[in-house]
Amino acid sequence: MLEVTDLHVNYGPVNAVHGVSFAAEAGKITLVLGANGAGKTTSLRAVAGFHKPKSGRVVLDGQEITGTSAHKVVRKGMALVPEGRKIFFPLTVEENLKVGAYVAPRASVDQGLAVVFEKFPVLADRRQSAAGLLSGGEQQMLAFGRALMSQPRLMLLDEPSMGLAPTMVDRVLGSVRAMADEGIGILMVEQNADAGLEIADHVVVVNRGETVWTGSAAEAGGSRAIVHAMLGDAALDEA
Amino acid sequence: MAENTVEETRRGRPLLEVDDVAVHFGGVKAVDGITLELRAGHIYGVLGPNGSGKSTLLGAMTRLTPMTRGSFVFEGNDYTRRPARTVHHMGIARTFQTVRLLDDRSVRDNILLGQDTLAKAGRKDADARVDEVMERVGVTAVARMRPDELSYGMQRRVEFARAIIGRPRLLLLDEPTAGMNSSEREEIGALMKQLLDEGITQFIVEHDVQMMVDTCDYLFAMNFGKLIAEGTPAAVVKHPAVQEAYLGKGAGTHA
Amino acid sequence: MSDWYSMNVVLIQTTLTTLLLALSIQVPLRYGVFSFAGVGAFGIGGYTGAMAMVHGEWSTWPAVLLGTLVAGVCTFLLGLVVQRLTGLYMGMATIAFTLIISVLAVNGGDWTGGAMGLYGAIGEITTMHIVLAVLIVVAFLAWTEYGRRGRKVDTVREDPELANALGIDVNGYRRLSFLISGLIGGLAGAITTLLRSTITPSEVNFHLVILALTAIVVGGARSWVGALIGAVIFVWLPTFLSFVQEWEKVAYGFIVAVAAIYLPNGVLGVVKDLWHKSRTRDERARVAVGLQEKS
Amino acid sequence: ACGGSADGSGTDGDGGVATTITIAQVQDQTGAVAYAGVGAKEGAELAVEEINEQGFLGDGVTIDMEVFDTAGEIERASSEMNKAMGNKDVMAILGPTQSQQAATVAPLVGRQKVPTVFTQAGAEGIVVNDYTFRATPPMESYYEPVLDWLEAEGATSVSVLYNATFPTFALLGKDSVPEWAEERGMEVVQSLPVEMTTQDFAGQAQQIASKGADALVMLLIAPQSVTALGQLQDAGYDGQIVATSVQAAGNISEAGDDANDLVYPVPFSVAFTDESSVAFTKAFEAKFDKSPNPYNADGYDAMWWIARAIKASGDSSREGIQEGLQKVAAEGYEGAMGAVTFDGNDARVPGQLVRWMDGKETLVN
Amino acid sequence: MQDLLNAATLGSIYLLFTLGMALVWGTIGILNFAHGATFMFSAFIGHVVTKHTELPFLAVIAIAVAVGAVMSTLTQLLAFQPILKRSKNQHAAEMRILIGGIGVAAIPLAIAQRYTRSSPFGFRSSYDAEVYQFLGLRITTTALIIIVTGLAIGIALTVWLRNSRQGLALRAIGVDAETSAGMGVNRPALALGTMAVAGGLAGLAGALLTFHLGAIAPETGDTLLIKAFAIVVLGGLGSMLGTVLGAYILAAAETFVIFMNWGTWVNAVSFGLIFLILLVRPQGLLGRKEVRRT
């Protein structure tokens, strides 16, 4: 359902991303791997409409959305769990979730809240407390829950397990898998490669702003490209 | 991970004594009576579910978060009532769970900040030191860039560098490797061990159990603001309460 | 040249006194304290200096010194009282302080000359004197801006909690900023007053706050250089705009708005950005091709 | 013309009249009380035109007026004054209209020895040395007749409502008016000071209405007067209201009917019948196609005073004009404001009371 | 009693003026220093139009509201939006927005000053305020209208912000514009709409106040601006109810000063009161404490 081809993104004169391609399918999980600074976040943000790509195409359901601004992209059914959580600190937990439901039908808000609270009971306990007071992991859960609220057809996740305890990693990744099984498309950046590979269908490896490897999760296991990408360039030099 | 690690831990001189510390926010008992002892020359780790009070404990230890009760003694000095800024002067440095860098200062300047309140040495020495530290955490190539131009992982490295440049005697780290992949984590783990050899005792909050087991001499596990287990990494990871509250079914994957 | 000087001597002097005033507002802002008490200090310094001369028959420099000190002390005490406030709440409290000073001046009877203000305080101040005073102030501020001190101040402003964790005495710095702001503001007030021999309550006013703030933001908020640039721009702008005649104010508004839009960090910021970009060109290029070396 | 030598530059102080004499007008052209400066400018322009056309200063001798805008700011006043004084061609200056500006520049003028004629600027501390002159009588000098008139009208009690942050009004409202009232056996039942920023007078109006004094002395700036008049009406006050020349110049017309019957003393009004006043009014109406106001008269008289001074001393240098201004002042002149006399360098006129009715001023009596 | 009524009228005037400013400042974080100029200029255009044709009350109000909305929209489009686009975050933009507003404000002020030469201006309208008397109290129709509209709009805004989807989205924009765009909030449009509403309120306040006072001066907007700033801070940034409270407290303090006949101490008393309240409640009467943690 999402098709990204040969994406180039600049920060001023810096070509942070030059030649990234990947795809996401309904019901499937695409895992994006790469070292720090490889350009994963930049690519995801460009897809979500936060940066205008210099070139390349982003196609959603056969419709080109390259450079469409973020608020419109969301209306097309795409939700992003941003890097670094980006919680609305002064708003309460519940209000944060409601902002997440901004584009969802009004009637579904209560049901959405119930789903999130069931997944993360901590959030239910703290629903009236300012979100900025939550612990790091709790905020990560909130960011994830907030993205669920819009009832997306396609989810972009930028390191959803960051700061989560192992039980929670399982729970979050588990529910990502469950969502995929319900037919939602998932595009996920995850540094916890082991956990990520366990649930992923496809893998894309990004290095130095370029896609260097694409394949199925099963193939990914022993791939050299992955090792390079994860170890960074030192490993390449040795190779 | 042999039993004698614990023995060794006991033999060192007490560096920090934490006695019955509690931090309550209205009804939320984030930290609820923690007593522990850190001895010089070890790497300690803290595990615990989200919201169990780990970061809050670090906050209290550095006096940034006002506490409800309890006391801290560092190298024999009770600093429970001293203002936060004196903690750094005593030789305790920390990182934060979220990146906190000055966006309009260069990476180099951000790292030097950690040195500023300690440095009695000359400028030349500071320069050499910052170069060394940048090399060790791997940010030399971006020394003059501004943090907001860096990727998240790189920003975390800068944070780390800032905390160690002043050669603290106790280093408190809050999820230092969040946002890094496993090989990058190994690098950081190796760095921690080097730092230990240089005499920096460390107290680390992390969710990466594998790394904690590999790196730490001694682990604490928290839940609901209380200690639920402590001991050698192997023992703590096997502790049923920890298995139950923390590791879940993923225990196999992560430890 | 000397002709030009004698015709513009007031503008030159005004530039310098405006610089002082701008600095008295800029200093607390650099420390992350939204205090506009510098303008109140300006009033206190001006009135104290003028009263010392008119009622006490003091000579110029002792009067200036007295004005500066009294303003410094008052502002410092204010700082102690409002310490707890943050952001624009602090801004409001200090503006209240300034407006109250002005009301006191109106109601001060013969002491302050009431609504008409005090006049006849003709001090013996030359441009050289002001240049000297400004140099001293600027040298001191420049000293606080560079290296270790500069980094500490930046941290206190951007992230006080982090500053505390790094062992920086945040509250101490904040109190200090009030003192410095009061002294500089008082100096500006005393010099301005004794230079032109009068001070009136209507001057100690919100408009001065706006003038100072505009100068700082357009010039550059992080350094005394920015304040200087701003002071020069706003003191001389009317002269350069005289060709548009009665549309001067319109042109002024337009220029300020455009500066706010296109100069994110003021004129100084543009210069610094260019400098940063040229200095890091190599690093960027390396980052761009992904050559991140690791040890 | 007296002195015959027309050497074109005329900067030297050894007598003689230059062919072109530059006079600077350094007054508010913009800002909150621009009406005074702009008014004076029009008056002065008319005067310059007359002087030049008549050849008043001799054949081919012309006055050239250069305008500097002080924009309602004290800082600007002192820098613009300095610019004007720094220009060696400027022989005399029409100085700022606002008291605070004027008081600030007065010492400068003395130091640089440039004769300066202020208009308006009615407070103390302005005419302070040999080079400072004032063509507008301070309001205080012609306000007292109002009290005489009130007494004659049978008023026994007065209220005072005044802007205490405006120097001229502060002086009048706080000290002079109560003193004069007392001298005439009138009781001052209340004295209500307000600030420059006061906009709503409902409270004061109510207080005034409830005391119900026979008369109200209202010393407010233009916008305040409009509001106060309306709210006094609403509050049901029906005593006689007397105001100030600030209400002239049509500033009160926005109050509509509420302003009817308002009485105030002015140094000039189109209603004046003196020959010289009528002549001015006619000439002004012919040139500008509108009725002159006191500010126009100010500028007109000030410029003429300077021209007379040049003629009197036969010297268009700064020194010459300074001497001439003093000479003319010693004798007085007939101007737009009628017969003007002087107290030192400071103008005096008897002033006359006018009544505002349906948009027009008529003389009282 | 009469004094209470006066305080209520004055408070409602302040409220009408302040609501628009509080709305944009408290939600999308724009401290609009051109609000005073918008207020003044709306009334000024009303003045210019009624100079040519006498108009009924509602027509004048409609003109002023429209002018205010348009001016405010233009300010947002031409100044604030470009500033926001060129800054990293809301925080970095704050000062520049303030200064940009000051710049924008200078333009209509200069135009009106030049046109009127700073004389006061009012409306020529077929409307004529009547004075009602009951229980010995006197009140004009205009004052009555001001009190009613002030309170009604204040309450309506409070309720709307608390309960509507847009209200919540607005607050989210103020915290983090980019992330809220990621939630589907059309930030530019919503911000523009809010600014337009605020401008309309400024225009409404301008027209009503001019009717009430008979005339205002070009500088009137500036005077009110400082008071509005004080009111918002006093009430607590982000709380509409706080703004309502703040407006009446300030008005009550000022009326009290007049009652005591301390005319020249108005500013000292009212700002002194604000100063004291802030010392006791550093985040304003109903403001929330800043949320930040380690």
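A, B, C, D and E label the chains in the order they appear, each numbered from 1.
By definition in this document, a contact is a pair of C-beta atoms (placed from the backbone, for glycine too) under 8 Å apart; a residue touches a chain by one contact, two chains touch by 3 or more.
On a predicted model such as this, the values are computed, not experimentally measured, just so you know.
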I need the common contact partners of chain B and chain E, sorted by label. A, C
Taking mean CA positions as centres, which chain lies farthest from chain B? D
Across the interfaces C-E and C-D, which one involves more C-beta pairs in contact? C-E
How many angstrom lie between the CA centroids of chain C and chain D, rounded to a whole number? 37
Chain-centre distance (mean CA atoms) for chain A and chain B, in whole Å, is 28
How big is the gap, in whole Å, between where the Cα atoms of chain A centre and where those of chain E centre? 42
CA centroid of chain A to CA centroid of chain C, Å: 47
Multi-partner residues of chain A (each touching 2 or more other chains): 14, 35-38, 133, 232
So which bits of chain B are touching at least two other chains? 55-56, 64, 96-97, 103, 154
Quick check: what residues of chain E touch more than one other chain, meaning two or more? 110, 113-114, 264, 267, 290, 292-294
Touching residues on chain E, where the partner in the complex is chain C: 31, 78-79, 82-83, 86-87, 92, 95-100, 102-107, 109-111, 113-114, 222, 226, 229-230, 233-234, 237, 264-265, 267-268, 271-272, 274-275, 278-279, 282-284, 290, 292, 294
So in the complex, which bits of chain A are touching chain B? 11, 14, 33, 35-38, 41, 83-84, 122, 133-138, 140-141, 159, 162-171, 191-195, 198, 230-232, 235
Touching residues on chain D, where the partner in the complex is chain E: 30-35, 38, 164-165, 190, 192-195, 197-200, 202-204, 206-207, 222-223, 225-227, 229-231, 234-236, 249-251, 254-256, 258
Which of the residues in chain C come into contact with chain D in the complex? 3, 6-11, 14, 106, 114-117, 119-120, 122, 196-198, 200-203, 238, 245-246, 248-249
Where on chain D is chain C touching in the complex? 29-30, 69, 71, 74-76, 78-79, 81-83, 86-87, 99-100, 103-104, 106-108, 123-125, 128, 164-167, 170-171, 195-196
